[in-house]
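What follows is a set of structures for review.
Shared between the two complexes below is subunit A, which has subunit B as its partner in the first and subunit C in the second.
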Partner chain A sequence: MRKHLKLIALAGVIALAAAACGGGETGDTDDGDQADGVQKGGTLRLNLLSDVISAFDPQKEYYSVTWEFYRCCLLRTLMSYNGMSTEEGGTELRPDLATALPEVSDDGLTWTFSIREGVMYAPPFEDTEIVAQDFVRALERTADPDAGAGGYGFYYSVIDGLDDFGAGEADSISGLNAVDDHTLEVTLNRPAGDFGFRMAMHATAPIPDGAADGHVQDYGRFLVASGPYMFEGSENMDFSAPPGDQEPVSGYVPGQSITMVRNPSWSNDIDDLRPANVDRIEITIGGTEDDNALKVDSGELDMQFDGVAPPDQVQKYQTDPQLEDQLFVNPSDAIRYLTINLAMPPFDDIHVRKAINLALDKDSMRRIRGGPTQGELAGHIMVNSLQNNLLADYDPYETPNGQGDIEAAQAEMAQSVYDTDGDGVCDDPVCQNIPTNTDEADPYPDQAALIQQNFEPLGLTLDIRQFERGTMYDRVNDPNTQTALGLAPGWGKDYLNGSTFGEPLFGSVSIGPDACCNYSLVGASAEQLADFGYDATEVPSVDDKIAECDETTGDAQFQCWAELDQELMENVVPWVPYLFDNYVRTVSERVENYTFDQFAGLPALDHIALAGGGAEG
Partner chain B sequence: MGPRPGSIRQVVLEGGRVSQVATEPIDDSGLGPGPGGGPAQQIVGRSPWELFWRRFRQDRLATAGLIIIAIITALALAAPLFSSIVGHGPNQTFAREYPAGALDDFGLPIGPNKDFWFGADTAGRDLFVRVLYGAQTSLSVALLATLISLIIGVTGGLLAGYYRGKVDTVVSRLIDIVLAMPVLLLALGLVSACGTAEGCMGGFFGFLKPGWKLVALIIGLFSWPYIARIVRGQVLSLREKEFVEAARAMGSNDRRIIFREVLPNVVAPIIVYTTLIIPNNILFEAALSFLGVGVPPTTPSWGRMLAEGGANFTFAWWMMLFPGMFLFLTTLAFNLVGDGLRDSLDPRMSSLRRKTRKREIAAQTAAEAESPVAG
Partner chain C sequence: MGRYMIRRTLFLILVLFVISVLTFLIFVKLPPGDPARRFAGRRATVQQIENVREQLGLNDSVFVQYGRLAKGLIPLPGYFLTEEAYYSFVNFVPVKEEIYRRLPVTITLALGGAIVWLLIGIPVGIVSAIRPRSAVDRAGMFFALFGVSAPVFWLGFVFLYIFWFRLGIAPGSGLSPDENLMEGILRGRFLMPWIVISLSFAAFYARMVRGNLIETMSEDYIRTARAKGLSERRVIVRHGLRSALTPVVTMFGMDMGILLGGAIITETVFNLPGIGQYAIRSLVTNDIPAVMGVTMLAAFFIVVGNLVVDVVYAFLDPRVRYT
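What follows is the complex of A and B.
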């Protein structure tokens, strides 16, 4: 089989190399300019299978791909990250447009940021300095329910007066005070130890006066940059015209291409975080994974940015010594799991939930997904970096080789009320045709077949329905659908703090079709359960512990979140976690200095470089 | 020589006129009767079925098709046997590393080898066993669907052709409506709506819950117009024939006439078109499964296997090759048999017969040229 692949690859290389060599190099390159041995210059060629979600509108984009484009290239924020992996400090909060970490008052309610002086926006605002009021403007836009639709405005409700402003009950946000042009004072309505992280997300990036006016729905197409790069053609945007008559920036053609060029207002002197090695980034949108994998093989494309590397390509690169250094594997700080509805029989019995944790063959689940390269088997809920690896070896339902242990599972099931004769097999009719949902895309249907097989010896049969991904998430999030098991969810951190795995997943405020994302109904009240049509009247709750951890700061946070994880795994059991995901990527031969941005969980485009400054035949 | 029991043979005379002649001695040599012709023949009366079978056997392609159908049916019936021989169930996943399983360290399935005769799919299931169970699915769905469309189609066609008038109008418009429908879209909708555990419309005779029977019902509901139209056409012409008039004159009621006079003469085209509809139904089921709305995922189906195989073709060509090959051969076989049936049962429709007869006529006229024809 490898021979076939080599022949196909060889044919592909010969065919495409001929085409590739025709394309010349574009843009000005500082030929041979080196800093730290890394070549500057060249045009990076990427592909996206799907366009960004909200046309680059920073108040709406809740998508890791766009987050990387913002962080590396287009937008600077008060706080940011160095674009590297956890081991290289990629999870530490660092000042970006701020001059230092914020000063926090003793009661934890007032946060003061000092802003760099003399930083100008990209054209056409190259004569406008970035000032404190610009951040206020961004947060006002975030609070606006229209401008912020689909985004993550809920993170900023902790700012005093923001929700009132959003509801139209106030003219300004009382908790935001631009003391002077270079000082911003933020007052919170409760202590939040992770507030610094919230100011590192791009809904808080500064917006110059006049740029977003009249662009409630489409500011992304008129985005004014503040980072090392900007959309090509930004200088031609004319904000003096009425908003309806303005031409969107030519460097972003929705559904087709994104082109970013250097921002003349930016330089390495005013930015400690971003090397910004390449001169130009050209992104095409569309195609298929297999197609683009061949283009990466031939060098026509430098990297397929989203999607998954095809398993045969991963195998080829991992096993060929010449290609090994073009394959990168990094933990993406995301977890894949089965979600259990605590209010649906037979899962209202904790012994059944524990039994399925013991029965699942997690190693085979991972193998179907692509094998050990795809990540570490997960024995608990929170990604290890969120707890500073405190629980790295914690796996309360460990089984030999992670392949499941049917005897142990049956022993657990025997203690359940649904197994009346104690033989380890459920004999209650409620264990037949359990309503289950999963994703219709690969590899979920294949995994579903495995899960069926693993649960059968316990007397559980699943009635599995497959849905398109968005529908699957909507349904598992809506308690009215009475879905007992969800086989396909995943959850990644928004920023590197346990709070992103706390309330959104296990807080009672996150239950319901309009909220996000407590699929298991942990902490649901009796009224909520009745409302949604369940017979159960109570389920375990961890609201108190979440509130406690949300307010802790510093290293104590890690310990607190670790305790919550243990409480969940041993006394609540809302999930069967099975994989801490990796991000696996293949790149073309000329790509150098690949680093992994632990914040967005994607390659850092501000660090990447091209061999020889990108000059090639 | 007076008419004898046996076949009515048709002779194509010079000029293309067709004439029905009384039985003639069967002469295998292909040469006509007459003094200059072949050796003296013993006159043997053969029943229509024997004649049909001889003609069918002579058609080599049709015979091959029949053999293929027999083999695939045998394989389908023996699927559980093969499953226990190789020790793999049709839905059993072997997601460990070979030899304990069928997936390598990158999740890539192994190809055909001594343990997995057709290789494995991306969930680690045995493709050979699944293909055999898929044959069960295809054949049972197609046959049940064909039976349903047969019952509805023949009934409709008979009633419409015989009674004409309002009955015919109703049935013909129904035919038009069903033929005008976007079949695949509607079938998609119906199977999706009724394919859940709760079923729909109260589980009508147990048919409308998910399963292969639901799929067969829906396919049958869309195929019956083809049979109905053929039957109706035949009945319309048959009801004008003398023997129907004679039966009516003798006092037979409508029911006797339909079942005793008309229906037996419609049997031949019914058989032919029914056989030709089966491959369409097989493909219809495969199409629905390919799109994900056919039989439930736990029932192996060639269509769904093709969909899965297409996505993984670059590294697991066997996932597409084997189901595709079986689907192709089965469909081809039924088409060949259907063509053969048409040629053998109804000589008027056959171009094969015309070619054979032209040869016979040529030889006969050559013989006649040498001696006068007996009067």
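What follows is the complex of A and C.
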């Protein structure tokens, strides 16, 4: 008996020792893998209030939410980003499917990309290697006026022969040459220093042969992934069937849900940019912001990805020490501003434009929108990431606490031709009932009232008309409407280069009802001004500087765009910028390793991890 | 009856035709803005916008554009919601596919809600009618007042907050990506939507049944039935209710027709992917083919619901004869 007891005791000690030693570093064999202290695994649960705008067709999607889904998860491109903030190198262009940064010829016209070998597509093309011709195919699809409608194909008109191909005047794009399977040579029709950034956009993501055939309008529902994730059910897509008989991927149900799972063809060994920590991403579409906020509070949802976090929830998370780590505030790379029509009196006088820059109470404008979490007060035009923070502290019209300085504004107004007695108050009739438009939705009417109040001491009264947002933009964009001030526009970058601000907003080619979006008429010719019915015959132009910056490459681009910004703010003054928008997000308590992708201006879903690898408690 | 049915069917077609013309004018031709411009993107060239306009058929005459959309309303294979005309301007998903996928959700919501409001409204109305001015009657009518006064969107949010968020005894809104409609039903995702959608109808039906039954119970034939020695239960159920419920049938048919076209508010509050949610999205994004498809679907359900109700009425009320 005693012998048996000893044996039992020994067995018990051995069992205890085995339990203590088992499970590896995490102490639990069921936990996910760990990398860099971050637990891999689990299902990330998100919500979108609205579906993506073009059903995931990469040639059509002109929407930052979809761009993040592409960058983090579904599509790799020749160049890309690390999915982090400006301070963490998130604005730097990095090779993704390319082996290195491209070689650029001395004249800036030839860009050569060397492509990684052995990178395969996701199922059902898991046996197909990504090769140079696949990028050509993507750009051909971008040039196709049917397949590319609604997208941003205009960024690729700089490729020699692309527009001819799109017009049906050529069988191929002459500027694209797949030298071999792993070398792509691109010839431009003019130097473009930001071309590398354009090749980081997902309209250039490779498409395998046959995948997009017959799917001119709906390729997104048959998307073949190349990133760390793919749509659930991708392996069941059958491209051997006629296009009309093919079943779209089950992991994307338009208007209802998106489910992404790991791409078995991908691994961290072939991708330096994406940790891809979670195993699965489930996204529900629809609902309301308030309901989704409660879901985040309860842990049923990890994050509402688009839309705005309700102010009361933000305040709760800000003031509760247990929740403050679940609140994230990052610059979204969008700016809000007042746009000034340089051809309309009294704003054809630079002193008046400078005066209103000094008069505006930007702090109160921000408070109306929700307070300091909504963003930083803007003192210049381009968002800071586009200049690598070179002008982060630059504000030529800075006022105490950003609350406006009426004395300084009046001093500026006194120099204007419209203030004949030099008392700082406009005394010309053109300063009365200035045609102004704004958005009818909150908070713009309240902001309009504040603006009117701020400008009255300068002798400026505004005739403010409110419009539905789309109509507001159409009217401020159309010089024929003779709108002197637009109070509600905003602008965000397309990619991390100042060229997405320069020409679209201040280039003379962007003027007119059929163009977009130079509302201020910077660079308008005398002929254009006459056609639109203005008496002014001349307005400042920055076309030359824009052209110079467009051709600059490397870090010198940041400096060039910063110089343009300063030129605009000091010598042109087409805007009153007031807010660099923030992206404010609350997350559930299990979200870890939250990083902000400066490219898309959204959380980097490939970096996010879940506590305990997502194991339910 | 046969001639009546033929007449009503022809009238149904006429009504749908008029609605289709009005819908086309209101949503397609009258609004400002250029759908081609929106479709082509904010920085499209003039040529690109023109290409899109051609692609969408917006350069065709009003009659050709209407004809294309009208052809898609013919309920025959090869015609009905044809992809040639009914292809979303917004997300390039065929309207037919969206409607077929979403319709079961809306049907589930409507049918379940209908069962709930009938199970609540009719008994409440009966009890209130047979015990007028009693505490039960007052409670029933208070419920009716509350039900018709409380907005659906408010009720929905209150229910979610109390029963899901605070008490945790009901599931939250929406369907999970990994569950289908049946799984969603079995997991109770439709319980609160059914209750919320049914409350206002139940309240209205309770009042209607109460009023009709009180009036019916004062009829001579009811007095005769009692005089013949029939039990009160038999008098109410066999004689009183039959007359009192006839108008309820009429209302029920119309209400079901309306709901099948999409319970917009309930679907939005509870994030149910039904026709109502699709209708809202289509309107907000000015997705013309989707707007046409959803509007005509809703109109179809309403006019057919009316027709069914009228036919059923003839079977319920022997005094009604159609020629």
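The rule is simple: the second predicted complex is superposed on the first by the 584 of 617 C-alpha atoms of A that agree within 3 Å, B and C clash if a C-alpha of one lies under 4 Å from a C-alpha of the other, contacts with A are read in each partner's own complex, and residues count from 1 in each chain.
The rule we apply is simple: a residue touches a chain if its C-beta (ideal position, glycine included) is under 8 Å from a C-beta of that chain, and two chains touch if they have at least 3 such contacts.
Everything numeric in this text was worked out from a predicted model, so none of it was measured.
Trainee: Superposed on subunit A, are subunit B and subunit C clashing or fitting side by side?
Mentor: Partners fit side by side after overlay.
Trainee: Of the partners subunit B and subunit C, which touch A:A149 in the superposed model: first, second, both, neither?
Mentor: Once the two structures are laid over each other on A, A:A149 reaches subunit C alone.
Trainee: Of the partners subunit B and subunit C, which touch A:I53 in the superposed model: first, second, both, neither?
Mentor: In the superposed model, A:I53 contacts subunit C only, not subunit B.
Trainee: Now for A:G490: first (subunit B), second (subunit C), both, or neither, which partner does it touch?
Mentor: After superposition on chain A, A:G490 lies in contact with neither partner.
Trainee: With both complexes overlaid on chain A, does A:D290 touch subunit B (first), subunit C (second), both or neither?
Mentor: both
Trainee: Between subunit B (first) and subunit C (second), which, if any, makes contact with A:D361: first, second, both or neither?
Mentor: first
Trainee: Which partner does A:Q453 contact after superposing on A: first (subunit B), second (subunit C), both, neither?
Mentor: first
Trainee: I'd like to know which partner A:T471 touches here: subunit B for first, subunit C for second, both or neither.
Mentor: It touches subunit C, and subunit B stays clear.
Trainee: Looking at the superposed set of three chains, what is the minimum CA distance between subunit B and subunit C in Å?
Mentor: Result, nearest C-alpha distance in the overlay: 11 Å.
Trainee: Using the superposition described at the top, list the residues of subunit A that contact subunit B and also contact subunit C.
Mentor: Shared contact residues on subunit A (touching subunit B in one complex, subunit C in the other): 290.
Trainee: Which residues of subunit A touch subunit B once you look at their complex with the stated criterion?
Mentor: For subunit A paired with subunit B, touching residues are 1, 4-5, 8, 290, 310-312, 314-315, 318, 361, 363-365, 367-374, 403, 433, 435, 440, 442-443, 445-450, 452-453, 463-466.
Trainee: Per the contact definition, I'd like the list of subunit C residues that touch subunit A in the complex.
Mentor: 32-33, 38-46, 48-49, 51-52, 55, 87, 90-93, 98, 101, 157, 160-161, 164-165, 172-178, 268-269, 271, 273, 277-278, 281
Trainee: Which residues of subunit B touch subunit A in their complex?
Mentor: Against subunit A, the touching part of subunit B is residues 91-93, 95-97, 101, 103-108, 111, 121-125, 196-197, 292, 297-298, 311, 314-315.
Trainee: Using the touch rule from the top, collect the residues of subunit A that touch subunit C in their complex.
Mentor: 50-55, 57, 60, 62, 145-146, 149-152, 154, 217-218, 220-221, 253-259, 282-284, 286-288, 290-291, 294-295, 297-298, 300, 470-471, 474, 504, 514-517
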